[in-house]
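Presented below are the structures under discussion, each in the form of structure tokens.
Consider the two complexes below, in which chain A is the common component and chain B and chain C are the respective partners.
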Partner chain A sequence: MPRLWKPGDAYVWISGLALMVTLVMIGGLLFLIATKGLGSMWPVDIGHYTLKDGSTYLGQLQSRELVRGTSGVKSDSDFRVKLKIGNRDLYGLDFRWIDETDIASIDYPPEAVILERREWGNYHGYLKEIRKNGTVIPGTAPGAFGVLEDLIHDANKIYDEILKIEKGEIGDINYGIEKQRLKLRGLSMRSESNPAKESEIRLKIEEYEARYKISEAELGKLYTELTRNEVVMLSAAGDEKVMPLGKIVLAFRPNDMGFAQKAGFYVERFWGFISDDPREANTEGGIFPAIFGTVLMVLLMSIVVMPFGVIAALYLREYAKQGLMVRIVRICVNNLAGVPSIVFGVFGVGFFLYGIGGIIDSVFFKEALPNPTFGTGGILWASLTLALLTVPVVIVATEEGLASVPRNIREGSLALGATKFETTWKVVIPSALPAMLTGLILAIARATGEVAPLMITGVVKLAPDLPIDGHFPFLHLERKFMHLGFHIYDLGFQSPNAEAAKPMVFMTAFLLILIVIILNITAIIIRNRLRKKYATSAV
Partner chain B sequence: MKNLSVTLSFTLFAIVCALALGFVAGAQTVKVDPAIPSYTKVPGVSGNIDSVGSDTMNNLMTFWCEGFAKFYPNVKCQIEGKGSSTAPPALIAGTSQFGPMSRMMKSKEVDAFEKVAGYKPTAIPTSIDALAVYVNKDNPTECLSIKQVDAIFSKNRKCGGGSDINIWGATGIGGDWANKPISVYGRNSASGTYGYFKKKALCKGDYKDTVKEQPGSSAVVQGVTEDLQGVGYSGIGYKTSGVKAIKLAKTVEKGCFEPNLENIVGKKYPLGRYLYLYVNKKPNEALDPLRLEFLKYILSRQGQEIVIKDGYLPLSAAKVSELRATIGAN
Partner chain C sequence: MISGEAMQKQEFKAPPANGISPAPETRRSEKAKTVPDPLVEVENLSLFYGTKQALRNISMNIPRKKATAFIGPSGCGKSTLLRCFNRLNDLVDSCRIEGNISINRKSIFDPDVDITDLRKSVGMVFQKSNPFPKSIYENVAYGARISGINKKSVLDDLVEKNLKRAALWDEVRDRLNDSAMGLSGGQQQRLCIARAIAVEPDVLLMDEPCSALDPIATAKIEDLITELKEKFTIVIVTHNMQQASRVSDYTAFMYIGDIVEFDATEKIFLNPAKKHTEDYVSGKFG
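What follows is the complex of A and B.
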């Protein structure tokens, strides 16, 4: 009788099963994050809820669950709903649970408006009137909402201009003044008396200050223009609220939008989320600085980790005399890969920040002390700490790659008269390149997800100044930065408005995963090209 | 004459109604005292605002800084909030200009500052926080006395609570809840909230080992939101729709009070506190314009409106004018 099972079959099946479970879990995780995050931006219809006690709310349905009575037992038929009612300035909270048995009626009036504001969260209400240049347009007039949209669009243009002046021109001025001030301080610290130079510096500062006055006046003008037009809204209960249009990001009427319109709106909002700066202590607005910081940090880390990892691996595999010493080093490298990341963080703080950073400050940035320049957390130190954290991965992967280069290829090269260096450089390294890139991929994947060591080496809650800007030397390695991983932690555990921030936690998590995938795919594409290129040489 | 008295009584009635409404609305619609002056811009303010300190005040500082930067676009802010205990060392080392703290400095910290600077740091109360005890929204508990709170959170019950409370039934609620265990959430020890709660609600006793220490105020609230049997403490600014801030009583006889402005100012609610901003101010010497203006901004109508936006409670006009005098703002 033939045996149904070969002796090893069970193991194959078990590993297959394990793989399946893992894939399902990854899929489930992605699905959860994607639905909770991506779904939150969809413009849900807004309902006018009238409760039996007479109070009314304009709210978007968030979730629905079975009522749990005061006895603590879940009811089996009564539900309650969680509404996003907005109007934080009116109600104190953005969200509210309402028992369905308390609701007298729900309708979905097409004229209900949601205003996304720069402060205080969303406003839900009805358009009463628009005050445009002193003339009043009643909200019931045909096309009034279109007028409102146009006016908001114009106000946003002014707002962008303000941002441009604040970040561009005034940023330049501040940078210049700070530089001159430090020069002045440097002069006085070296106790050089150089009146000519001193007055020259002072003159420059005055010049900057004059320029500042001009742009300040310009800003003042723009700000008054921003608040010139107003909109008057009525809340569900009929309370009036006057708001300057400059404080509104956008207005929309979800009940009046078709599916295509909603989809277009969704895309616009999504783009806003990834391209805007955060607002309101990070609970609103976008996450652009965090995306930028994460990508830049990973790139800096890759630039540092690759040469070090590859050179170390080359030495260990090709040049070092294989013996006890090399074996000990190898064991150490492998162990290093298992050290908890926070330990690297502490090392980074002690060695980079306080050690090297302190020395750099006391030599090159004396005039800025006691304010530390490099002696505090920054993107450079964070990248270096992560480079240390990931260097074992690169070493191990590269060594594997080097070991797999066939002996006969090396010997062929040597037989043709190439020196050892030439063989390594021209024959061995190209064949091992794909393996090195595998190491890099693993390193990137690990580094992007790390948060703990970053928290103490330079990541902050809010750093609107990007580490790259138009001021020489363009890349400011000493600056603190924002990071998606830390952003998730901050939104999740420290945000002042936990409920409003929750969808943003998922969105941010989704983007973080997306960025890891994009970085990895880029590396994989490069690796595959290299594989093809060197396919002939690697047997 | 009759007409007049009718009008008078009507007016009185209207005032009483308005007051009563104000009380009912309570914490939800707090308004800034209109007597607090509005902030006006002055020339010559620029530089960096560096603040290191309280996690409770982290968002508040961020909001203030964002608002202040609207007046002075050339001011930049760097705000770190890892706990009140991190404020004094940073002030002493000079790496920060402002030390937000959710509790007063301890005498040890003041001494350490004095040793370096030669004078005491200046504390400026910026806003009022009610430390609320949160339970899940489905928890029927309405009110707890400090003794009960102590018995829930503390292992040695220094406030004199009789026996340990570890099931909800022991707080006096019945039904299904009677046998449900209490799961306790709290803050980590670097936090000023941790220290304040220990001092005021635990009578300096020790926390139970079963308290789940959370890394942030918001995390406590979220823990209680998800955990039906949870109870935790956190600033009133972190309230969400998933939790209930219960009333507290100093003693059972004195009655229960909601965490709102009236009850805190009237010292009826036991866990009201000021949120402080510490600065290094030489006595008899004016502050530099940046710090002075920032403090003036906080002690202005706009600054106090931000306090409300973040969910905390604003100062009274009298307190503000007293404080403005101490910093030399008038």
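What follows is the complex of A and C.
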């Protein structure tokens, strides 16, 4: 009889099982996040629901669940559906649960329109009429929807122009005025009386103010243009609603779209999500500033953590006399990796913000006081805090890499008359480079997902400016920034409209994971290249 | 440290009854047999790993531009003695040396000796080939680069010349920028030889350079040694008696940290003065 169960098989099975459980867990998590997040952007058909009590809603089916299924009998009466009904300004809430027993009829009229607005969420309704330059186009006229789309497109262009002026020209003016104001303040603080200089500064401020007046007038014109055209909509119940086109981002009729059209729409929306600024307390619009902040912060952290970690590991492994002291240091470093991240955050606040930031402010930014410049949260301090958090990982990985460089390679270099430094620099470090990058990969993975220490060292719900812009010195390390991890927390638990934010939470989580994966894959590719180049195994 | 431990074990294992512990007068007689034109002079050299003595009061002269072989059973101190010549034993913390070694009549232990200069004039090839994880070109150019030579034309000439001297040029001329790790074991070892002779040392130390190679690669390296001794003084440690007899002009037989007999290779293999040597070279023991 063949032996089915060889000795040792049990261990193979147990380890295989453990691996499988892990993989299923990871895969399941990714699948859940990806489907919930990516699925939420699909333009679902909009149904005209008529309830038995006579009320009507235009809504998109979100989910369906069992409510009274305790007996195990599955019938229609046991289900209820969640509809996204939009029109928050009319109903107060975007979502509504409806028992299926209460539904009298559902139909999907192709002329049902969804408007994405800058305020109040989506509007679901029917097009009644368009007021274009005083002329009225009835919604039933052929091509009326096309006209609406064109007008919205034009309005969006105007809106972009307004944004450009507000962020560009007026931003520049404010920046300039603030600078001159600080200069003036600095003069008075040093109690130098330099009337010539003072009047020069005042002149400059006046110049800026004159420029502001021009921009303001331009803006006023654009704003009136934005509100000139209007659209009149009818809700499912027949209530009329007049909206200026400037308040509308997008109009679409999901019931009238084919699959290809929907797919194109989906791609467009997805791109908008990753490239736009957020709207409506972050629950709508894109998350570009958060992506930008996350990536920039991780890059800054990497720039800081790599040299520190590598140099520390080099000293510990190559130069320090191996003894009790080094062993203690090593244990401390390892333990540092286990300290809760919020502790690092508190340290960052105390040491970086109040300590170093306070000193920087009192030395270099005296004019701005009592408003802190570096003495408050900012991307620099957040990056440094994370660098502290991840430096043990880099040290441990680098040390392992250094230890694995064969002794005979070092001796080969020394025997050629190289000094210890030359040997370390030219032979040992290149050989250990892949291990150092492994350390960096682990550090990035940890830092990208970290939220707690960031919340107190510089992350905000909504940052007015990106940390990089066109004003000298271009990279503004003192600015607060947005972060995907915090964005998830903010959307999921701090949002006034939790239902509406739910898909955003999944999308944001999906993107965060995507960014971690992209950063890691980049590092892994670099590492593999180096590994090929500096393979240390002989023969 | 590894070699130190191996040494200690050997000392415990060595049965005193079986082995011959040479009397002091024997040593004096060894020293008396001077070779013509010595380059390396070893005087009363003793070496300790911690409290264990690995080399016992060794004196010998190594002739210029000849190949000298060290033979003897494992752990007898051949490699340790070899590593004294370029002071590689300095890396071992617990190592202590008494006595003196002079190269070109200059003591290598003098405080004014720059250890990197010493190692540039005493090249070494190791038992296990240890090319750097760099390109073939950079491996050969390494010594020149650390001496501050970075001019491309100079380096190009240097690399070509030494790869030719190491009989490797024809095999690698088309892939100088490939990783040295892609070479075969024998090629790697010849690359290490090219790397060592590229710094133009006076002495070339070879620590069992063929022990990890197949017979064909071994033959190539042996041919190379025969050629190289025209220009360099070669000291080679080997376990292979035939190899010692083929490539060397002088042979030293070592046993437990002592030189039992040191003479012209022919004499050691055909007509050794000591019974112990004869037993070893004829394979009766060891």
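Basically, the second predicted complex is superposed on the first by the 516 of 539 C-alpha atoms of A that agree within 3 Å, B and C clash if a C-alpha of one lies under 4 Å from a C-alpha of the other, contacts with A are read in each partner's own complex, and residues count from 1 in each chain.
Definition applied: contacts are C-beta pairs under 8 Å (C-beta built on N, C-alpha and C of every residue); 3 or more make two chains touch, one makes a residue touch a chain.
Because the structure is a prediction, the values reported are computed rather than measured.
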For this session: In the superposition on chain A, see if there is space for chain B and chain C together, and answer fit or clash.
Result: fit
For this session: Report for A:170: first if it touches chain B alone, second if chain C alone, otherwise both or neither.
Result: first
Exercise. Does the superposition put A:96 against chain B (first), chain C (second), both, or neither?
Worked result: first
Exercise. Which partner does A:493 reach: the first (chain B), the second (chain C), both, or neither?
Worked result: first
Exercise. Which holds for A:111: it touches chain B only (first), chain C only (second), both, or neither?
Worked result: neither
Problem set entry | Touching partner for A:412 - first (chain B), second (chain C), both, neither | second
For this session: May I ask for the angle at the C-alpha centre of chain A between those of chain B and chain C, rounded to a multiple of 10 degrees?
Result: 140
For this session: Considering only touches as defined above, state whether A:532 meets chain B (first), chain C (second), both or neither.
Result: second
For this session: Applying the touch criterion given at the start, work out whether A:426 contacts chain B, chain C, both or neither, answering first, second, both or neither.
Result: second
Exercise. Is the number of chain A residues in contact higher for chain B or for chain C?
Worked result: B
For this session: Quick one: classify A:212 as touching chain B (first), chain C (second), both or neither.
Result: first
Seminar exercise, completed: The superposition places the nearest Cα atoms of chain B and chain C at a distance, in Å, of 54
Problem set entry | Intersection of the chain A residues that touch chain B with those that touch chain C | none
Exercise. Chain A touches which residues of chain C in the complex?
Worked result: 86, 88, 91, 116-120, 123-124, 126, 128-134, 142-143, 145-147, 179, 181, 184-185, 188, 192, 195-196, 199
Seminar exercise, completed: Within their complex, chain A touches chain C through residues 406, 408-409, 411-419, 422, 426-427, 430-431, 532-539
Exercise. In the complex of these two chains, what residues of chain B are touching chain A?
Worked result: 27-29, 46, 48, 50, 55, 58-59, 62-63, 73-74, 76-81, 93-95, 137-138, 140, 175-177, 180, 214-219, 221-222, 225, 228, 237-242, 309-311
For this session: Flag every residue of chain A that touches chain B in the complex, lowest number first.
Result: 68, 70-73, 82, 88-97, 119-120, 165-166, 170, 173-174, 177, 212, 216, 219, 280-282, 370-372, 376, 460-463, 465, 480, 492-499
